[in-house]
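After this come two complexes, each holding subunit A, first together with subunit B and then together with subunit C.
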Partner chain A sequence: MIKIDIDKKLHGSNGEMALQVNLEIKQGDFVALSGQSGSGKTTLLRILAGLEKASGEINVFGTAWLDGKKKLPPQERGIGFVFQDYALFANMTVMQNLLYVQKDETLANHLLELTQLSELKNRYPNTLSGGQQQRVSLCRALMKRPKILLMDEPLSALDPDMRTKLQHDILTLHKEFGTTTIMVSHDPSEIYRLASRVLVLEQGKITQDGTTKEVLLHTRGSQKFTFSGELLEIIKADVIYIAVVAIGQQIVEVVVDSHEVKNFTIGQKVQVSTKAFSPSLS
Partner chain B sequence: MNTIKATVTEIQNFERISFLELKTQINTLALVALEIDERVKVGTVVTLLVKATNVALAKKRVEDISLSNQLECLIKEIQIGTLLSSVTLHVEENILESIITTKSLHKLDLHVNDKAVALIKASDLSIASIE
Partner chain C sequence: MNELNFEPFFLSFRLAATVTFILFLIALPLGWWLSQTKNRFKPMIEAVVSLPIVLPPSVLGFYILYALSYNSPFGSFMNEYFGIKMVFNFTGLVIASCFYSFPFMVQPLQGGFESLNKNMLEASYIAGKGKIKTLLHVALPNIKPALLTALIITFAHTVGEFGVVLMVGGSIPGETKVASVAIYEYVEVMDYKSAHIYSAIMVALSFLVLLGVYMFNQHQNRRLRVI
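Up next is the complex of A and B:
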């Protein structure tokens, strides 16, 4: 079990903010960490990695990583960290990047094989695509067989096809190495494919904590097809009304009756929902 | 609006689908949904919701039809439009609105204070809230 109970003052975009997190994570879990930028996600990962100070306790499988002011140095924590911008050593080949962390050629070859990078092991990072570089940094993060794998939006700089490939690699490695993985992500499809638990951070506090479906599937009663949107316009047409609603990057139209229409004002946030039986896919 | 209060009398679950039977004072209703909220049990009172465009009308009960819900009602108001018309119905204590084509309204020759039957598919009925 990983126990985290930490407190840290942050200077966020809306002034001072307290990052207060108290949670337990089971060994082998894959946890997605979501929330708006500035909510404290990256800081939480950096505190876990020992790269940033905080007060409180962190206990990982019986070992204290943080206990009041006593702090276990980052290199003794058994952490693998994958950053959004790969952070590979440019003057080293793929293989050298891996061996720099741990001199274990057998493991390095095994990792490169699992991620289909074996043929690129003597190449330098700047000759590789973004997706290949991120796969190398994923392999490098696993060279110490970390207890916890931390990933900070690892796939956000990649195109959709490469994302899918890397999601597969991440899942393979998570299972093969039995690591406990915490990944910052905003992408619902990515979270659904990879994680079993989702935490949502808002203003330094965890506001939602549940299974992927509990957190991501928005429902209204038994209506499983639900979106939040902004009401832009109501147009009268014959005896009915057409409500124009902005949802994300799209505009949708919803028919409302003359009684319903009285409950709404332009500009307000609305839920657009229907039963899972009604929409069609094409 | 367009809600009906009812008590759950039966729940059947199979794989991820739930089938519910519900009772109002005089009507029996059927509802199909994906994985119903676990707080809903036999005896739970729920508010059901149906979209006005999903309420069809008939002059009297229809035999030989797959549609599960037929509610006897009284027409309280009719708003006749060019293509569509809105018919306000009293079903026990509930008010339902039905939007049908004006052509159908004339074909059925519906008038205020007439009795009618509101037809709703089990999959068009949803649970809006649990009491």
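Up next is the complex of A and C:
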């Protein structure tokens, strides 16, 4: 069991903010950490890694990592960390990157095989593609057989195809090693595919905590589907109004009654949902 | 005109090599520390380190001359207890040059370390490696251009110094008469031919050294560039 109860003052883009997190994570769990930028996700991850100071308590499988203000240095925590920008050692080959962490060639070869990198083991990082570099980074993070694997938006710099491949790799490695994993991610499909639990952080506090289904599926009652979007424009067309809404990368039009129009303002967050056939805005 | 004597050049290079070696050992930990620390005294230390760039060599030379002479507590202490004289000899030149060239070693190293991807260093800490191992195995190999710049510029700057050397060392042949001082003396006695030859050698050597540095850096930057 991992127990986290921490407190830290942050100077975010929206002024001062307190990061206050209290939660428990079961061994072997795959937890996704979601929330807007500036909500404290990366800081929370860095506190867990010991890279940033905080006060409170972190206890990992019976070992105190943080006790009041006394913190165990990152060197002694036995964690794996995957950075968004890979952060590979540029002066070492793929193999050397792995062996620098732990002189265990059997494990290194096994990891490279699982991620189909064996052929590239003598290459230098800057000769690899982004996806390949991130796979190396993932392997490197697992070389210590870490107690916890922390990933900070590991796939956000990659294109969609490469993301899918890497998600598969992450899943394979998670099944193989059973490492307790905490991953920062914004991509609902990615979270759904990989994680079993989702935490949503807002302004330094956890506002949602549940299974992926509970947190990510937004349909309620008789609604068949619901999308969250941003209201871009309302166009008058004869007696009716057409609302233009951005849902992710998609722009859609929804018919709105004239007496409903005054309830909406341009730029607000709206839910587009449908019951049987008629879409409605709420 | 006397037979051309190359001793001043050998002396200059011996001095520069000694100073570069000593300064590397001092500046490596200091540059690393300055690049990593958030200590509030950091600007103060940086300012002190950079002073020799701004100060006239005569000011620096004067203070060093005073500090190393028998008149100062330090100079008399070293002389009385260790029998080490530090002015108007090679030892004095080395000490003075170390002060004079210090910023040229510290600044490129510090800049190189500061430009490193912080996540890369943190990845090393997370891998269980301490600061020293990270410095030697990750940080230093990834700042090769800055490292080479620091070494060469320190070396070249020491070869090229004149004012401090003249004040602390004087012009004793084979002991403190380095190339720059020798040229000054040739001009003073109006032996322009020797001055020309010495100066031309200095220009050619300096150019070749700098050309080598920039060629190496271009090559390295290409190799280490992240796609």
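Here, the second predicted complex is superposed on the first by the 233 of 282 C-alpha atoms of A that agree within 3 Å, B and C clash if a C-alpha of one lies under 4 Å from a C-alpha of the other, contacts with A are read in each partner's own complex, and residues count from 1 in each chain.
Quick note on the criterion: contacts are C-beta pairs under 8 Å (C-beta built on N, C-alpha and C of every residue); 3 or more make two chains touch, one makes a residue touch a chain.
In this text, all values refer to a predicted model and were calculated from it rather than measured experimentally.
In the superposition on chain A, contact of A:123 is made with neither subunit B nor subunit C.
In the superposed model, A:88 makes contact with subunit C only, not with subunit B. Note on subunit A: of its two partners subunit C and subunit B, the one contacting more of its residues is C. With both structures placed on the common chain, the touch criterion links A:71 to neither subunit B nor subunit C.
Residue contacts after overlaying the shared chain place A:258 against subunit B, while subunit C stays out of touching range. Once the two complexes are overlaid on the shared chain, A:3 sits clear of subunit B and of subunit C alike. Residues of subunit C that touch subunit A in their complex: 117, 119-120, 122-130, 137-138, 141-142, 223-227. Interface residues of subunit A facing subunit C in the complex, by the touch rule stated above, are 49, 51, 73-81, 83, 85, 87-91, 100-102, 125-129, 140, 143-144. Within the complex, the subunit A residues that touch subunit B are 220-224, 238-240, 255, 257-260, 274-278. Put simply, subunit B touches subunit A in their complex at residues 1-2, 31-34, 36-37, 49, 51-53, 79-86, 97, 99, 123-124, 126-130.
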